Amino acid sequence: MSNYAEKYSLPELMAATVAREIQDGELAFIGVGMPLIAATVAKFTNAPNFNMMVEYGAVGPSPRRLPMCVNCAVNNERAYYAGTQREVMGAQQAGFVDVACISGAQIDKFGNLNSSLIGNDYFHPKVRLAGSGGANDLASSAKRTIIMMRQDGRNFVEKLDYLTSPGYLTGPGAREKAGLPGSGPVAVVTTMGVYRFDNETREMFLEKIHPGVDLEKVKAAVKWELAVSPNLTETEPPTEEQVMIMRTLDPLAVYLGNGRATLSGDFDTFMKMFEDSYQPMLDLIKSKGMV
Amino acid sequence: MRYEPVVAPKGRAKPPVNKIMTAKEAVSRFIKEDTYLGMSVSAAPAALIWEIVRQRDRIKTLDMTITSQIGMSSVLIGSGLVRKLEMAYNWGGIEGEDKVFRRAVEKGIPRPLEVEEYSNFGAAVRWQAASMGVPFMPVKSMLGSEIPKYNPKIKIIDDPYTNEPVALVPASYPDVAIMHCSRADEIGNVQCIGLYGNTDTLARAAKHVIVSVEEIVPQAEIRRLPNLTTIPYYYVDAIVHAPFGAHWRESSFYYHHDLAYGLDAYRQFATQEGYEAWLDKYVLGTKDWDDYCKLVGYDRLNRLMLSEHKYQKFGEVR
Amino acid sequence: MRYEPVVAPKGRAKPPVNKIMTAKEAVSRFIKEDTYLGMSVSAAPAALIWEIVRQRDRIKTLDMTITSQIGMSSVLIGSGLVRKLEMAYNWGGIEGEDKVFRRAVEKGIPRPLEVEEYSNFGAAVRWQAASMGVPFMPVKSMLGSEIPKYNPKIKIIDDPYTNEPVALVPASYPDVAIMHCSRADEIGNVQCIGLYGNTDTLARAAKHVIVSVEEIVPQAEIRRLPNLTTIPYYYVDAIVHAPFGAHWRESSFYYHHDLAYGLDAYRQFATQEGYEAWLDKYVLGTKDWDDYCKLVGYDRLNRLMLSEHKYQKFGEVR
Amino acid sequence: MSNYAEKYSLPELMAATVAREIQDGELAFIGVGMPLIAATVAKFTNAPNFNMMVEYGAVGPSPRRLPMCVNCAVNNERAYYAGTQREVMGAQQAGFVDVACISGAQIDKFGNLNSSLIGNDYFHPKVRLAGSGGANDLASSAKRTIIMMRQDGRNFVEKLDYLTSPGYLTGPGAREKAGLPGSGPVAVVTTMGVYRFDNETREMFLEKIHPGVDLEKVKAAVKWELAVSPNLTETEPPTEEQVMIMRTLDPLAVYLGNGRATLSGDFDTFMKMFEDSYQPMLDLIKSKGMV
């Protein structure tokens, strides 16, 4: 059933798009933020038997509230397993993880990512960023990765300032030569559209464009000669159900809007969000016949 | 560019579906001729071993990887199924000398047995390497001994950081692993209570995993105590409900080792004829584990359980 | 031969004695100038970090090893104590951009910070190598990336078994590790409930270990649930009783992450002046953790606990 | 206090001797059998704060009955930790274990042990034995080892048929050169006496001789030119308390006599031994103010 939502936000469109990338029965390595919203939507719609691994040591949680971080207590709420990061990272390196969601500040045409620094001198960066965290591990070993990124016009670059997380490196055969177990990125979901990677050249091409986005604007936001699919289509909008699920899980738009700004210093609003989450989430879980 | 998107292969995760089946089904489905079989020692998967022997005409030959085995592996060796044994120790423990093992190695009875040796830790980290998807693990055991002299798979290198010698052992990926554990839910989340040796890492190393358990519990019980989950569902192919499934050995917090039975079995194992008489009666002569338990006697098994619970019951003060 | 018998050195095991002390005592005793400090992220050892900053005039300089840190390490970096950071990630997580980290790396404010980078798993297995007493661990992460290009400690070799590339990372043995855990007995048997990242292996890697805990329990309670023991006593030097000891971060099964506080703190950290104002009020302005909790408000902390318990309480169905 | 027992068996003498080698506060890696009896005696007498590690994943058990094997359920009875073999083996390799007890079928003058096979062809042994098990790991990494052996006149050999577990290998400096973390054996307790290793030459010498054993018999039972301490003394007998503890833990002499023979097939006697062990062991534990 595709009862599309009439009103939805761009983050909601992106999360719904990623949710559709997750298949039933899969094991996914999910970071918090938008990927978590997407994973939750998938679990309650197209992939009821998929389970989530969270980086700091949780598998298959069934939380009734919004997780805050990869090491957040919510991640082991009613989980199948709780313990170490090495359990989930080791399982991933051994090939058990079907799909992982990652992001970065810069990306190139082979899907390589930079989340470490901006500038051309590693030792004196213009802007220092977070670093790999688990992104390099997921990009190296997950069977496939889905990349979620903001497109700001400057971050789809010809050459990365630093290669933090491997995509297809220099092209066909490069991952195998490097000894990487995973097979690399299959999709890039951005604020402008959806990109795939060509099986022959391993180069990114535009497959879908978001409703209302101008193709020339997309091309201008990509610093290399962007390949566009001859069958370019418009991104499928989120369904009403997908949007309902997102707003039930994240009522203050902490991940899907500017909820963080409103919560800064506002303890009561923050706590009320949690205290009130139990019943609506439980109802949602039950409506899907889950436990 | 043909604009044909990259399609990635699936991961190795087993899906979260109902995995409960009988030992007969599990062994038939996963264990074939020439299977490279891994086996846990804590607890001993007796119910699964018995079923493998019942299907020996179909299976014919197994190569095995263990750390240490105390008695139970000899049930397989004596049956003529085992061609090769990768091991650190194979003996009777308190039951004493393992004549079955001796006959196979010294005299090739009932068939020649090739032995590939490691130390216990050396054997265990081979599974750990596989569980992490790395080709080897470094270890400080076995250096200076003659174990590497007769096992070329053990490589001694100079550590590139300290230049001191370190031994490398290669990852071991069993085709199938069999193990006996405390409890599991129907999709295969397994919880081991008490000591469990290397059962956790063996399950992570193997391509297919068959777990027999004392109890099957609801998913909600697993979710209630997620820190007790020893083997998450994605490693597991089959859950076999086999109460007392480690007899004559122990199952921590469930029942005690039946030494009287073990010593008596070992007395019979002293000759191949004695071993076969025992096998005919207790293994081939029983159609499944429940049938074996009836033959041993549930009164006897129950007394072993009550004795264990007099001293320890998980989560309780005794 | 002089008939003088060989005398062996003692092992590294810490004896099973009463290890309960205050954060002030523990930090004074074990953390010195130039200490190589390891720190857990799940849970964040806030009570211990605050105390380290209170003693910064004595400690002066720390080199740190972490996997990822979400916010808390910046309290140390901003205080001017940190000279070097071995890390995979150092940022605010949901609290956002870490301006303290940026100032230190980009502008050397309040002091230059040297960064040595790994992936999360790459950083974690360095502690695992130390925990096993081996000089390195092999890993498949970081291959093909530029992480090894700027970190010569990562060596890429051809695996002697498969001839495929594999990365080696050297063991990391912190002088002192600080961590916040769920509960412990007085001799230092520690149980972590919920997810705990790499806290277990960090404790096994370090020369000295300081653990702050939510609860101190009797030995009999540890013995009742031995499978829950995450860190046996022989690794532990000090047990510090610090309820709510991870605030503003979460402590699984005890209380929720105080995001409202964290976001507000990060807003203040946007400038060094703002950071110092926060530090003067909440860290230097409080004499110990209880004093900090009073300043934050036990009513607020209690509400975070009640909210967590509404959703999960260990061993209970919620 | 040394209130010596008037009547005791040779195994009881050996166990008491090993018990005296364990110091308070130590962490010991103990196999079952006689070492376990010795460790229990030490815990209740000279080393109340010492704790035991058992190979298949237990630390600091406080059992009220006799363990049967290294993976026996009794080993995690009221333990501080229960779980994996890699926890205890890893801790040992990292240098946390003060002392470990091992044994073998053959020993040479440098304390190297063979527990794998008898015969001069590895691939066609005259007698196949158990193999290393954990013995090699303990001999490699424990800070010091104590060796317990039967002396049958043939097993103290010039050259081992197979070197399973390293003592001092070829002599001074050889362990260091091989890269072994532990420092090697400090004592050999046999059915005839107690041997030490000379700090300079790393060679075994006879330090104590058991009461009633003839020195010439000992020399005849050693296939190399045995060095004998100029201050050779008689082995200290067990105290009444040591013997009482041994007989409380092992009333049927399963480890200290021929109990196994009597138990074979006798389920009732075997079970009664366990069922009746609770109270006397509890009384013993309480009498020592332990829990």
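Every chain is named by a letter (A, B, C and D) in the order it is written, and numbering of its residues begins at 1.
Methods note: a residue touches a chain if its C-beta (ideal position, glycine included) is under 8 Å from a C-beta of that chain, and two chains touch if they have at least 3 such contacts.
Please read these numbers as outputs of a predicted model, since none were measured by experiment.
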By label order, what chains touch chain B and chain D together?
C
Between C-D and A-C, the pair joined by more C-beta contacts
A-C
Dist(centroid_CA(chain A), centroid_CA(chain C)) in Å evaluates to 28
Averaging only over C-alpha atoms, locate the centres of chain A and chain B and give their separation in whole Å.
39
Chain B to chain C, mean C-alpha position gap in Å, rounds to 37
Give the residues of chain D that touch two or more other chains, as numbers and ranges in rising order.
58, 76, 78, 82-83, 86, 90, 93, 141, 181
Find every residue in chain B that makes contact with two or more other chains and list them.
133-134, 139-140, 164, 166, 193-194, 220, 226-227
Report the complete set of touching chain pairs.
A-B, A-C, B-C, B-D, C-D
Looking at the complex, which residues from chain C come into contact with chain D?
1-13, 15-17, 130-134, 189, 204, 219-220, 222-223, 226-227, 229, 232-235
Within the complex, which stretch of chain B touches chain C?
129, 133-140, 155, 157, 159-162, 164, 166, 168, 170-171, 192-194, 220, 224-228, 314-317
Could you list, by residue number, the parts of chain D that touch chain C in their complex?
25-27, 49, 51, 58-60, 62, 76, 78-83, 86-87, 90-91, 93-99, 141-144, 181, 183-186, 196-203, 205, 207, 227, 229-231, 291
In the complex with chain A, residue positions of chain C that touch it:
41-43, 67-68, 70, 87-91, 93-94, 96, 98, 101-102, 105-106, 115, 117-122, 124-125, 128, 139-147, 150, 164-166, 193-198, 200-201, 250-261, 263-264, 267, 300, 303-304, 307-308, 310-312
Counting only contacts in the complex, chain A reaches chain C at residues 32-33, 54-58, 63-65, 68-78, 82-86, 89-90, 93, 116, 122, 124-137, 140-141, 162-166, 169, 174-175, 178-181, 254, 260, 263-267, 269-271, 274-275, 278
